[in-house]
Structures are given as structure tokens and as C-alpha cells.
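We call the chains A, B, C and D, going by the order they appear; numbering starts again at 1 in every chain.
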């Protein structure tokens, strides 16, 4: 049996079996769940080689599944993060209602994401896309909060995106007579200009929704924060990357062939830039860690879109590398929030404080992830940021680089807010009972966190598959002049050699760690955080001295004009207007038989009057 | 193998030089400020005494491990930046990591320490620390923008991101970049006012309001570490300005003159200025400095 | 051949008359007999369909009169497909309602099954007859039984709904009769094939007027936009399985009649465009009206109207793909909408107002019903990998092949609206707090109803995962519809030189 | 070598010298004497030339300057501040009030003799002392530091029981963390 189909059968069967096992007591469902994620992932890593395909016919369409170098990069994200989050989920979701439903959707999501990456034809791409959409939708509403607003909003946006994509697909089918992605790419340059413009726009709407591109992002904060955190890490880390995956194909293989296509890509890149800024600003404003991470994800996806949109080799590399990194660190951060929420019962940054001594390992994971997120060397986030800036500067995007830089500098604010809010600050008695999260939750986080470090020192590990992917997209081989195992270059040949830098940093750090920190730590003794210099006062046990309300208020006083308008409000207004309009159309059906009879007469009379126009 | 030891030795010497120069400059600034205020002022070596005293003070308590790592993070930033910035042009001894990192790297390693310090400050649980940190970070967002604009303008104009290359370009052309890219220089200098956190941008550690802000729970050795880190960092920043805009320095005297000349700008501006609130500071940086940044970008785009 | 197509009409008619007599012997037989009849019909029509697909269409003459003079029945891949679909649905409706009103008394059950048999007989008659007046008769049979079924709950509202339906139906039949009269006066024949072959000789003005009256007359049954005022009330007030039967059987027959007119009888090309326009209007008005409905069945009714509009649009595209898509839509609608009606009526069974708001939190109380309803909702809005996706895809693809991008956009926008109201309900069922009084015991559907729903659900999944199971039949059917010449030839059987 | 007695002596000398020339003052403005601090620090008298400089928090300060009378209410805070300061630390009693109560000698809510509650190293006499006197006080403190005689903190640690007893007499409901040096 073909391994590709085997993977999907195991996923599907595993999902159903896990769901059914949910009716039984015991750990059968957990075991089945882990197995049905683990086995296909292992099969994927061991038995799937690039170029292997599997084809069949159904409903008059030819289907072809197989992995390409590009989708391999994304499949790495999906498989890796999916597996880690699955391990995490088993522990995180224990004792929740309807766990098997969660598992069911989780497996389906992983399956559909791999399916998207495996699809070489548009129909199965779309089918898996929709499965991904509704399984993720079910996860968004899983906890039953704000389902009629957040859930519906997510699904409407997804549906608009998916239907735009569907329209593009049928148009492509009518133009080429084939559903194969390859044949689309081949015949695209021959399309008329209108079609060349229409198809990418429609596809980009579809992909833009999933990758939370402005102005299609408004579903994201709610959806990311309402899903269970074990799922959100996949949601934000991997699922949003499906949009990026599609965008890469559209940008490189389609839009580049339009006359004047680089302007198109410029627009997309600018949209990405604005997304990055606004996502970051709103992230700073959030008090709920989930919302903060959700907006931060929007911002980070904005960077990726900028990289993909600019599309020079370095930019594309940075976009794809950041896609991988974002999966690692944002996956970790959502897991961290999940762990904290599980241990404390809330994820509000203004409530939870001072967990660092209670949950040190979680803090360590969060610290790594935040450093990677902020793009500070030597972790992997820096590599992607560096490549992004260099590529923007190298390709003369004067203003865009400033926009991006503003966004990533402002990102420090929410990075700090996240760490400070949860882990630092006063240790309140309210949280003195909090324990470290179970090992099954902590270990996946730490693995992901440490891998950001490894990729920071040896970016070549992941740049190698990215390079191969880019070669199939038509880029030149960049190994050697843009990157090596642990050195990255910009287009002018300036380099960052990660190894000496990292060794120096580690050296300095160890020196001060030994002679300052550990020595000092041993010589001194611990006092509670109530023992602070607060004008000679002795704070009472229950007095909360933590500074967490209006955390970045001065900053917001400065950027207030930027944040006065919310796209969300326009959408809400539009939706309300539509509902009012539809309420009016509803009244066409008056419920009065005479009116209905009159409609019939009017219908006949109109047809008879205008018969020559209508039937002429 | 031998070269690595030379490198390490060179690095240590660089750091020591940076430490001494930085502290001296700070002492001089106290002296000059005092003279401007018609005081006698402390001796220029006063900061060394302070440092020595701080180092000799004991510390009895801690609020957690992070509080003690903060200064270490700060040191990483300072030392890394001073190692990446070319101190003396063409000097083998002090080449350190000049070729391993470029401007973007420098920008990012420069925020590593403040963020680590912020974490340390956060763990003390002192609300003043956190307030100071938020102010500092907000202000950083303010001044980074014109600063980056200036750097981007330079990088675009001369098609390199390496500081060494920029020095070489200045030496080849025989013109300092402050003359050949004047707007970038102005923007960078205005940004520098915020970077050094002298008045009017010293709200971060406003002593009477915030009880010195982020460092309010740090005393003794930690304050000493932070102080030396600050001085090294200041030296690194000054050297960077000299390298970028004043053509670098080939010997130590030239370096000192140029760096001190640059140093006088934020210092003298600070002595005659009151204090901005955070949002005022941000708006200040997004006013004229931003305008000059745009001019610099325009200039770079045209030429 | 296992039997004649005549039996498909004759047996249910016979059964309808026999039921009250047999009921005197043993009350249970009233419930059993229709099932047996429908099962037989299902087997018969399926066998005939298979036979037809192998051997070409069957033209059955009644009483030895050859067409064009006598009444004839045509069992072609198209009509056979629809007849099979209807008998299958009829069987499922019977299965669902086997124990229907068991605890009330004998009389309503008797009526219910009589009219159900009549309804199915009439609908199948509409589909397989080859005579236009005969079709009118069957439309009347269907209509009358439908009025009766609407008024089944003998309440004020039911009576009102039924009266509205009756009134519209009366208008419809008069228009229909006028149209038939025009045709007969002009062409001197009532046989469809004969009319089709002679149509080119007819005065265009008369032709158009006849068509208009036809469309109006049948349009009322087919739920075309301004003519469908009866539908929401009737669906709401009729019992759940009757709603399913309306959506799955009656409307299909009506749509078939219109399509037969336009594709075979009348040679007016612009009628296709008219179909597209009127279908789109129906679709948009119905779906937008559905958005703000408060009662579940009413919402389903509007959704059903909308789906029919979509079917008409697909027919209006007029190509093989369009017809294929339309038939596929009809099939899916016939599979999905009954499931929604069945599970929906179970969900609101114990509530007073039958309102959507009363379904909050039922997912925990009635997980299986809720799951069926959600499956139906997922399928009807066209989410893969369920049945509705393939039909939606084929409609869009057909439209795209004709370059009708605006239609695609409109259909997709309407689909979004559809998603909104269906998912609001699904959200209520699963993810909101239970709002009825806690003591109210959830309605537990009987085994027979569960089996009916299971069959439909499995059909949805099978079509969704393996669409090739049905596409062959649909392709045959659509070929059959488009090939007018073959139809005429086969029916008239005379090898006449076709002058068209 | 470091632990050698002679070298320890050298280290002590250096340390004391540095402490002497770098005095970071935490001015606890309890009483009217605080008004004398600004003139002392600013242009005319310029205490900074002696290395005297304000400190923002007790963690960074070397000298606790009790400027004037100390009410029973503020005593608690002052003790807290003093205990939060890190070694080596000194206390300067500023003005007559800290010595014997001064003009508040018969007040019911000020403490009269500061030395009973905190180990005062240097008193500055006067009501209030002029900046010259303050500078002289600092000079005295520097001299004591250089000689290694400014050992109030050690005294405090050694006689903690006694100090605590006195303090608790003034402060009825004692809720303070233990002194951790």
C-alpha cells in the first residue's frame, strides 16, 4: 500500500477511533490519539520522499498527492509542531469535557494540513482546506465562549476566503481544463490579463484570511484566544502557515509572471507591513495573554508576508525561515499560556503575577520563545529578522524597512509585558498554591524552545530544505553565498557568523553567571517580593503592589492616533447593515395569502408585458 | 590556537579600555555639568571611586535568580557591542568580532541587555522598576526609528551593512559621512539624545519619582556591574558614531577626541533641558528626528 | 424487466385507496402497507433504472394507444433517476414516520399515509408521464394531497397555511390549464414528444404566452421566487416528515416539469437566461430571508427554496455540466434536506414554539440528533468532504465554463449567508447553555426514525467521500435531458423524419 | 594571598578610601531640616565635590540622613529603610531634635533620642544646622570612615535586641520582617 494514502487512512481512522474511544473510560483514547498522530508523523519522516506521488480519479477530476520541496518545509512545521502539541494536549486536556471531540478535531486538523501540503491538485487542496477550516472552527467554539460572535466571525471569514479560492479554482478549471497545480503554473502566463489579475487576487483572499493579512485578520484574535491553548499553538503555529504556503506559490509562480507583477507583490508586502505594525500595537494593548499572542501572531505573519511579498532570494528565505521559527516560538508561547491557565485558572496578565519561582521550567521555555520572538540574537528569531531587514534594505524598500523595524521594536513592549505579567512582579499569596505544570506539558515546550536556540546557531539546518524548496520555485542555489551552516550573508556579502558570536555570548554569560550571579545568589538569601524599598512601608500580605494595569499607557498616548480606527468595527457595521437589509427581505413573505396571490398575478402580468424583452 | 588567545586578550583589553574611557567620560560629564551649574563639582575620577565603593558593598538579599541574571545580560550586550564595533581602524589587536556582525546585528544585540535587565528588574517585584522599564521600552521605540532611518540611509547609500566597510568608504573618499550624508547624521545624533538617557529623556530612572526605576532594588555589586556595563556601552555607542560618521579613528588619541566630541552633544543638551514625559519624548523623536530621517532616506534614494 | 413503469403510479394509488379498507382488518396494516409498497417501488424503479441504463429508455403506452394519441409513460435515465430518488425518499419518510402519531389515535395515521401515498404517486406521475394533460392531473393529485398534509395538525395555523397553499395551487392549476389549452389549440396534441416535434410551427407569441403560463403554473409547485409564498408556511405547519417530503419530492417534481418544458417542449433559447435570472432571484431572496428566521422549520423552508433556486440556475446554464450539476444538487438536496427536517423536527419536538432559540444546548441532551443536524448543515452549505460540496463545485464549474463569473460570485455570497444561519443553529445546539426548563425530557426518536436518518447520513458520507457512486447515473440523466431528438424519436417510435 | 592579613589591611584601606569619597545619601526628609539639603547640594555649597550624592533607594544608599525630628509614626518607616540599606551603612542625625528632642523635647509624639532606636554615627548640631555644618558633619563622617570607626551598623547588629526593645516600645503593633543583613 502506498505510504501517502496510508498516512491519511491512519489519520482518518485514528480520528474516528479516538472519537469512539471517548465513550469509554480509561486512557484508551489518549493512547489512540497519540498513536494516530505519532504513527503518521513517523511514517512521514521515514517513508515519504520528495517527488513520490499517488494519483487517482474521482468525480471526474484527477487527484494527485505528493510532496514537493516547498511543501516539505511546511510539512516539517506541521509534523513537528503537531506532534509536540499532541503530547502537550494529552496532559493539558485531561479532565476536560468532550476530550475525544478535541482529539478528533485535532487529528483532522493535522491530517488536513498535511493533506494541503500533499495536494498537487486544486480540488484536494480545497477539500483539505475546508476540512481544516471546519475542524479548526469546531475547536474555536469548543470551549463554548462567544460562539455566536467569535466562532461565526471566524467561519464567515474562512468561508469568504475559501469561496474566493473556490471561484479561482473553477475559473482555472474552465481555463485550463485541469486541476493540477503544475499545469496552472505552466499555463498561467498564457492567460488574459484580466484572468491573470483575477485569479491571484481570489487566491490571495483565500490565503490572506488564513494568514491573517490585513484587512482580513479580524477573526484571528478571537479565534486564537478562544480555542484551547493546546490547539492554538498549532492554530497559530502551523495552520496559519498554510496561508503562507499558498501565498508563496501564488506570489512566486503566478504573480511574478504577470506584466507589472512586482507592483502587485509590493502591495502585498505593504499590506504585510501594515499588518505587522497594527498587530503589534494591538498586541501591546491586550491584557489577556491569549489575545496578546493572537495579535502578536498577526504581526509576525505580517513579517512573513513581507518576506514572501518582496520575494528576493534573501527575503523569501527570511519569510520561510520565520515561518518555521514562528511555529516554534509561538507554539511554545501558546503552550505556556495553556500551562499557566491550567495551573492558575486564568490567562489574564493583570491577575497572574510572580510565577517564576513556581513554574521555573515554563518560564525558561517562555524566555527562550520570547527572546526568539523579539528577534534578539543568538536565537533563531534573529536570523529571520536579520535576513528580512537585509533583504529589504538590499532591495531598496526604504520605508517598508522602517515600518517593519518600528513594529519589531514595539514588539519588545509586549514581549516584556508577557513575561513580566505572568512570571515576574510581586508574588501574590493568591498564587502561592501554583505548581509547575506536568512534565508532559513542560517537555514539549522546552524541546521547541531549545530548538529555537539550535536553529539560531545553525540556521543552515533549516535553510537547507528551504533552499531546495526555493530552487524548485525557480530561485538560484543560495547555499554558499547567502548562507552556510552557521553563517548568513546579505546580498552585499556582509556576514553574520553565528558560531563565534554565540560562543562569545556564552563565554561572557558563563563568566558573569559564575562570578556574579551564582556567587551572588549563594551569598545572598531570598526575601519575598514584599520586601522592597517602597518608601519604608511594609506592604501587607494581601496588598497587591504589582504594576500591571495600563501597562504601556504612555506609549499608547503617543500612538493613539494610529489606533483610533478599528477595521473590526467597519465589518460589524457592515454585518449589522446586512442583517437589517435581510430582515427587510424577510418581510417580502408577509404571511398574507392575498399578497401572495397578488405576487402571482404581478409575476404573470410582468412576464406578459415584457415577454418580448425577456423571451424575445 | 594562538590567535584565539590573542583575540581573547585583545577583547579583554578592549573591554577594559572601554570601561575606563566610559567611566572617565561619565566623570567628566559630572564635572562639566557642575561647572555649567557654577559648582566646583566632583573630581573627574569620582565615578571610579563610586564604582569601587559599590563593588565593595555587600548584598544580603535577592528576590530571585532572574534579578541576578539581569546585570549579566546587560554585560553581554555591552561587551558584545564593544567587540562588534571597530574600535581602532586597521588594528589587528582590537579587531575582535568586527567582521562577524554588522549594523543590524548591533541594533539587536543592543536591546538584548536592556530586555534582560528589564527581566531582572521585573523579578524584584518593585512597581517602580516595572514602570521604569515600560517607560524605557516605550522611549526606545521612539528613538530607534530615526536611528534606524539614519542607519538604513547609510546602508542603502553605500550598499553595505558592515561598519568596517563604512569606515573604509570614508577613508577612500576622504570625506566623513557626517558631511556626505548630513541628514542621516542629524537624525542619528537626535536619536542619540534618547539613547544616552540624559535629560530630557531621563524619565526612565527618574530618581525622585521612580526611585531610579529599573535599578531601584539593585545595590552593591549589581549596581557596579550595571554601571560598568553602562560605561562600556556608552563607549561602544560613541565609537559606533565615530566609526559611522566621523571616519573612525586610527589611534587612541584620535578616538578619544572624536568620541568625546560626540559625547558632548547629549551631555550638553541634557544639562540645559528639563525632563520630558514618556509620550512627549516619543512625540519628540517622531517629530524633527523623523523628518530628518526621511530626508536622509530621500537623500540616500536620490544619490 | 421486473415490472412496468405503470406500476410505479398504479400501486401507490391503489394502496391509497386500499389503506382505509385494510385498516378495518388490522390497524397496524395501515402503517405497514405503505412501507411495503414503497419498498417495492424503490426496488422496481432501481431495477428499471438499471435496465434503462443498459437498454435505452422505456416508453410505456397505456391501453394500447400509441403516442401521440394515447397517454404514455417515459422511463428514461432522467425520469427514472428522479422516480428512484422519490421512491427512496418516500420510503425513508415512511420509515421515519412509521410510528408517527401512534399514541394519538388511528384516524390521523390513516389520513397521513393515504395522502403520503397519493403525494408520491402524483410526484412520480409528474415525472414519468409523457403527456402534458396527464401531467396536469398528477400535479393536481400531488397538490391536493399536499394541501391535506399541510393541514394535518388541524390547528388554526395549519389550516391557514393549507388554505394559502390551496389558493396558490388553484391559481397554478388555472394557469396551467390555460397553457395546455393554448398548446392544444395550436398544435392539436397533448403528447410531449409530439408537441416538441411540432413546436417550431407554432406562432411565437402564443408560444411565449403558453410558456409564461406554464412557468407560472408549475413555478408555484417549484417554489420560484414570487410564487412561493405558500412554501414557508406550509413547511412550518406541516409535520416534519411532510416537510422532508415536500422538499425532497414535490418540489423536485415541480422543477422537473419546468425543466421538461423548457428543455424539451419549447424551443425558446432565452428561456434559459430567464431560468438563471429567476433562479438567482429565488436563491438570493430565499437565503437572505432565511437569515433572520426564528423558527427552525421556517428557516429550513427558506433554505429549501434557495436550494431550488440554485438548481434552477444550474439548469439555466443549459450545458451538460450545468444539467449534471443541477441533478447532482437535486440529489444532494433530496438526501440532505430530509435529514435536516427529520433531525430538526426531533430537536424541536418538545418545544412549544419550535423556535431556534429553544435549541440551545441540546447537543448534550440529544447528541445523536444534534450530530445528524450538524452533518446535514455541514453538507448543505457545501463543506467537503460531505455530499453538498461536490454539487456546489459542479455548479460553479459549470458556470465558470460558460464564463458566468457574476453568477459564481452571487452564488458564493449567498453560500456565505447560508453558512451564517446554519452555523448559528449548530452553535446554539452544541455550544450554548441549555435553556429550556431542565425537567423537560428530551424527545427520544424511535429506532425506525434513527434508521431513516442513519441511511441519509451514510448517503451523505458516501456521496461525499466517493462521488463516483452517483455521478454515472447523473451523467446519463443529464445526457438524456439534453438529447431532445432522441426523446422525441423514442417516444413517437415512428422513425418520423424529424423536422426540427 | 588575598586572605593574608596585610593584604586585607590594604584592601580595607582602599575600600575605606573609596567609601569615604563616595557617600550616597538617602535623605529621609522627616522634619524641617530637609530644607537645608538643597542648598547643601547645589551651587553655593556643592556637596558633590566631596563625593556626596543623593541616592534614590535604600538599596543604593550609604548614609541615612535623618533630617530633624522623628515622629513615632515615621519611626517605623525609618527603621525599615535603615534595615533595607546594605552594609556598610551609616546614619547621620541631623539637627538638635535627633539628639535630645530639641524644641520637641516635651512632645508626646516625637522620639527624643534617635540613638536609642538607630545607631547614629554622626550628629550634626543646630536647629537647624546650616549647610556649612552639614558639610562639616559629612567631613566628620568621612574621617570616621577613613579611620574605620564608623561602625554603627555593627553596633546595631550586635545590640539588635536592645534596639528592637526600644523600637517596640514606641511602635505598639510590630509587624515588620526580620532584619536581614
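The criterion applied here is as follows: a contact is a pair of C-beta atoms (placed from the backbone, for glycine too) under 8 Å apart; a residue touches a chain by one contact, two chains touch by 3 or more.
This one's a predicted model, so the numbers in the text were calculated from it and none came from an experiment.
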Leave out subunit A only, then trace which of the remaining chains are still linked through touching and list those groups. B, D | C
Once you count every C-beta pair in contact for both, which comes out on top, B-D or A-B? A-B
Maximum distance between Cα centroids and subunit C occurs for chain D
Distance from subunit B to subunit A - Cα centre to Cα centre, in angstrom: 36
Just give me the whole-number Å value for how far the CA centre of subunit B lies from that of subunit C. 79
What is the distance in Å between the mean C-alpha positions of subunit C and subunit D? 97
Do you know which subunit B residues sit against two or more other chains? 59-61, 211, 216-217
What positions in subunit D touch 2 or more of the other chains? 57, 59, 180
Enumerate the residues of subunit A that touch no fewer than two other chains. 525, 527, 530-531, 533
Line, ring, star, complete or other: which one describes how these chains touch? other
Of all possible chain pairs, which ones touch? A-B, A-C, A-D, B-D
Residue numbers of subunit A touching subunit B in their complex, please. 354, 356-357, 367, 371, 374-377, 382, 385-386, 389-390, 393, 396, 398-399, 401-402, 405-406, 409-410, 412-413, 415-416, 419-420, 423-427, 490, 492, 494-497, 500-501, 504-505, 508-509, 512-513, 516-518, 520-521, 523-534, 545-547, 551-552, 554-555, 557-559
Residues of subunit B defined as touching subunit A within the complex: 11, 59-66, 68-69, 71-73, 75-76, 79-80, 83, 97, 99-102, 104-105, 108-109, 111-112, 115, 118-119, 122-127, 130-131, 133-135, 137-138, 140-142, 144-145, 148-149, 152, 155-156, 159-162, 165, 211, 216-217, 221-222, 225, 277-279, 282-283, 286, 293, 297, 300-301
Sort out for me which residues of subunit D touch subunit A in the complex. 28, 57-59, 74, 76-78, 80-81, 84, 175-177, 180
Contacts from subunit A onto subunit D in the complex sit at residues 525, 527, 530-531, 533, 535-538
The subunit D residues in contact with subunit B across the complex are 14-15, 17-19, 21-22, 24, 42-43, 46, 48-51, 53-54, 56-57, 59-60, 62, 86-88, 180-181
